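One structure, pasted below without further comment.
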Amino acid sequence: MAISDKTIDAVGLSLAGRRGGRFAMTARTVPGGLKWILPGFIVSVGLIYYSIIYSGYLSFFDWGGGRSQMVPVGFDNYVQAFHDPVLWMALRNTIAYFVVVFVVQVVGAILFAAAMHSKIYLSNVYKVIIVIPVVVAPAIMAPAHIQVWQTNGTVNAILNGLGLHSLSQGWLGQSTTSLMVIILVSSWGSIGFGFILYYAAMGQIVPEVLEAARIDGAGNLRILFSVVLPMVRPVTISLAILNFISALKLFDNVWLITQGGPAHSSEFLGTMIYAETAGTQRNLGYAAALSMILLVVAVATAVTIQSRSKEKTRKPKLSKSTRELSNV
Amino acid sequence: MFETRSRKSQVILQIMVTIAVIPFLIPIYTMVVRSLQGRGWGNYVAVLQVPGFARFFLNSAIVAGGSIAIIYLATMMASFGFSKLRLKRKEVFFWMMMAALTLPEVVLIAPLYATAVKLHMMGTFWSVILPIAALQIPFTVLITRGYIDGIPDALFEAARLDGANSWRIFWSILMPLARPMAVAIIVLVLINAWNAYLLPKVFLINDNMGVVTLLPEYFRRQYNDDTPKILAAAVITAIPTIVAYVTLQKQFERGMAAGAIK
Amino acid sequence: MWYSRLRVLGAAAGCVALVLTASACSSSGSGGAATAAAADSGSVTWWGWTPDTPVAERYIAEFNKEYPKIKVTYKNFENVDFRNTLAPALDSGKGPDVFDLAPGGGSPDLWGPYAIDLAPLAKSVLGADWESKFAGGYVKQLTTSKGTFVSLPIGGISAGFIWYDSEMLAQAGADVPTDYASWVATCAKIASTGKTCFTMGAGGADTFPTEMFHSIANSVDPAFFLAAATGKAKWDDPAGVEILQIIKKMKDDGIIAPDALDAGQYPLANEAFMKQKAAMVQMGFWYTQYAGAESCKVSMESAGVSNPTCFTQLPMAFPDVAGKGNHSLYFGEADYGLAINSQSPNIAASKTFVTWMTMSKTGQQNVANAIDVLPALKGVTPDWNAIKLVNNSVQQPAIEKLIADSTSITESRQWQTTEATLDAIVLAIQNVLDPTVSTSIKDIAAQLQASSKPSTVGVG
């Protein structure tokens, strides 16, 4: 059946019109959504949930793997986890990491995406450069990062060249600066990822909207952060959730650059879990308990982020004058 | 997006972007320089001479292609369902999918292994494609759902009034409109599938099923890695994904431009 | 209504889960009989973290000269991937026929249940006194706590000595140090030529730094390390505190390089030594292989040197840093051995392969000539006619002495130290060397004692 002209007009109209379907909260139309989500659901839930349930079960045992005995220990693994100061250090590191990397990612990626949507030469080259950290696996870039941050590496060479000898130090080898290195390295990599998403989302923004704002007298940056940013909100929310989960799970960059050291100063939950499954005298039950804790924290936070963002959009933004009028 | 009316502001923009890109170049530069140390271009020759080199690329392409196909279809359908269709308790399902994102890979190996053996999947590409899809789908659904939320419901209302059923709406309206996000998804899934290391290592045990991420393994010794050759392998491996990314971008932009001319 | 939908969904997920759990419960059938005699034909899969693939393929090629009808395939894994992959593989019944099994970390008890008892095989090949035919202690180290001998040793490691670049020392006009004062003097001379004296990588998660700790301990009190490792002494006893103080002094007096915490021993220390930026590095017997002319070149290229000219590396005893006249004795144990999967369908062929590798003169000669591990079988020495060193006249006698000293070792390296203790020692060293940490040495030692776990292996 052909789509009528009415529909095409509607499509054309809304492409030209304002974005933001949330403001028009029409009732969702069609029942039967189940069969649509079913394929994705079965594949991801089916395969992974066996692992989640298995891990949950395992967290109540002490087990060395293979044929060694599985000793039931009740909640001991969880108690041990919460008493472990390294766990709390890891959680602190996770939050610090998340905040910095998220902010850098959003600001950096939006700026770059906006720049690439402007009239600029060599945009393809820039795009490739920005995206390379996303393309190349962390395991491969790690030696390069070490070379940049080590005691006689690039950063110190630049600092010395600028005459700032006192700032030149052993960034990787000090418990006070190891976390900072991880955060900076990850921020570097995160911008490319955000860029891919924001660039796609911004591609859908109709030029007329920006023109209108410009006629109103808004400058470039004003437009970016007052007009564009709200329009790409879904991407920002998704990035917040993904970043938080990544921060919790963080493993590759840390393990390859500082191994969580020195002295656990750059430890994360991901590296703790890995260390527990990797050692020769490991307790897979403890690793499973840590994974369960990770899961609960991740889902709880993600739900919180998502629901708080929904609340914000439900309250319509009335201007002050409108509100005053309605109080009359 | 940035308006550059005057010549001066255009030049300033160009300079600022160039400066901003420099920190990205430093590690890349270090990596390439390092890959040319030791035996210089001989490192690249050594990588090309690894037995089965071409086969590795083919296998990686198979894994990537299979993953993309499954993930793309499942994601589009699921995002459509979550975003535009009615479903009781759908948030519960959504968060169940999200929970699947949180497990570190290393925790998955043992249960997945038992599964693969019992389902006779060992040594087939499915044993890698399905777990990769399982791990990626929650993430792709997360970002696509938000994107589709941004498409006004009015469009779908209109089509439904016309008498179109869900499938028709899906294929004729959603898919074209979601193309920008589709490109993003394809690129990201391609990168993840191409870079997959642990899953192929454990499950693709047959000799002729190696993937490109196993190339650097040839140059890892027990302690003493041959880092220049590992980096050379990495550079060679990264080239197809970069090419794919650039090509897809061009295709997509051309498509967008054509669509805009009504 | 939504009930039906939920039921559909639940059924779908439940189906998947049922299939998975049901399948996980059943186990696979058994393989060839453990008593099968060795066979002449068949195929064998071998999994290990060591040796490196090219070396393993060399061994296999030599093996095939005697047994052309047995096809052996080797698969190399990183240490950690190996542990994570081997268990599910063996559990599923689709594991390798032969796999590496080492003495460290309780491995015999961990992997022993999957392997066949190799004592009968050893007895049939080497006779009733087969245990004494292997280098000291190796058999005991590869036996489970229940007394089953599960892994035939291929070779052993020794550690506790230092390798130095003799050309660099000569250029700086420095002598080989024998005690603390002479070490400081040598380092001063090397520093004046713009090079690093003693390179070390203690910033990683690996346990190499514990070897330096162990050597210093042997200089302070030869019995201390193993006593503390097995719980008979405390790591914060005066001897333990003295070890940490010596480490701090070594950093302050310019022996330990300032970048010691940047990364782990590999790649930091190895590359510094191979690039000839540092004159000394503490590595175990496995480092002997770089005295070989070809290995030296390959290793230098891997470290990033173009067109390398090989230097002469020589071993030296660990200097008497405590000044008490205790010669810092070497320590060591079996490096790894081969175990046969009890569920393997190719036990007979596996027995032939393992016998050749570990108990035949030809197989062990290969191991000896690689000068990478010490051969497990007594009486096998490197065939110097087949080995080309960088500088045969100087290195051959030094290596022969090293081998002789190594084969008379009585002290274990990691066999009787728990992983928790090893990690705690590394942590303590990191705290001592970190300039931003202000904890006192006594407190660091106390932390070390608190985080360590005494070993019960080989005790009593």
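Going in written order, the chains are labelled A, B and C, and every chain counts its residues from 1.
The rule is simple: contacts are C-beta pairs under 8 Å (C-beta built on N, C-alpha and C of every residue); 3 or more make two chains touch, one makes a residue touch a chain.
It should be emphasised that the depicted structure is a prediction, and the values quoted were computed from it without experimental measurement.
Seen from the Cα centre of chain A, the chain whose own Cα centre is farthest off is C. Contact analysis places A-B first among chain pairs (by count of C-beta pairs in contact). As a whole-number value, the distance joining the C-alpha centres of chain B and chain C reads 38 Å.
Chain centres here are Cα means. That of chain A falls 16 Å from that of chain B.
Shared interface positions of chain B, defined as residues touching 2 or more other chains, are 34, 87, 93, 106, 110-111, 115, 227.
Residue positions 34, 41, 45-47, 49-50, 143, 274, 277-278 of chain A each touch two or more of the other chains. In chain C, the residues that reach two or more other chains under the touch definition are 5, 9, 20, 84, 87, 91, 267. Within the complex formed with chain A, the chain B residues making contact are 1-4, 10, 13-14, 17, 20-21, 23-28, 30-31, 34, 70, 73-75, 77-78, 80-82, 84-87, 90, 93, 95-104, 106-108, 110-112, 115, 130-131, 133-135, 137-139, 141-143, 145-147, 149-164, 166, 168, 172-173, 180-181, 183-184, 187-188, 191, 195, 197, 213, 216, 227, 230-231, 234, 238, 241-242, 245-246, 249, 252-253, 256, 262.
On the chain A side of its complex with chain B, the touching residues are 1, 3-4, 6-7, 10-12, 14, 17, 19-22, 24, 26, 28-37, 39-41, 43-52, 54-55, 111-115, 117-121, 124, 126-137, 139-141, 143-145, 147-148, 154, 188, 191-193, 196-197, 199-204, 210, 214, 220, 223-224, 228, 231, 233-235, 237-238, 241-242, 245, 248-249, 251, 270, 273-274, 277-278, 287-288, 291, 294-295, 298-299, 302-303.
Touching chain B in their complex are the following residues of chain C: 1-2, 5-6, 9, 19-20, 23-24, 26, 49-53, 73, 75-78, 81, 84-85, 87-89, 91-94, 265-267, 270, 286, 298-306.
Contacts from chain A toward chain C in the complex involve residues 34, 38, 41-42, 45-47, 49-50, 53, 64-68, 143, 146, 150-152, 170, 172-177, 255, 258-264, 274-275, 277-282.
The residues of chain B lying in touch with chain C in their complex are 34, 37-40, 87-89, 93, 106, 109-111, 113-115, 117-119, 122, 198, 201-202, 205, 207, 217-229.
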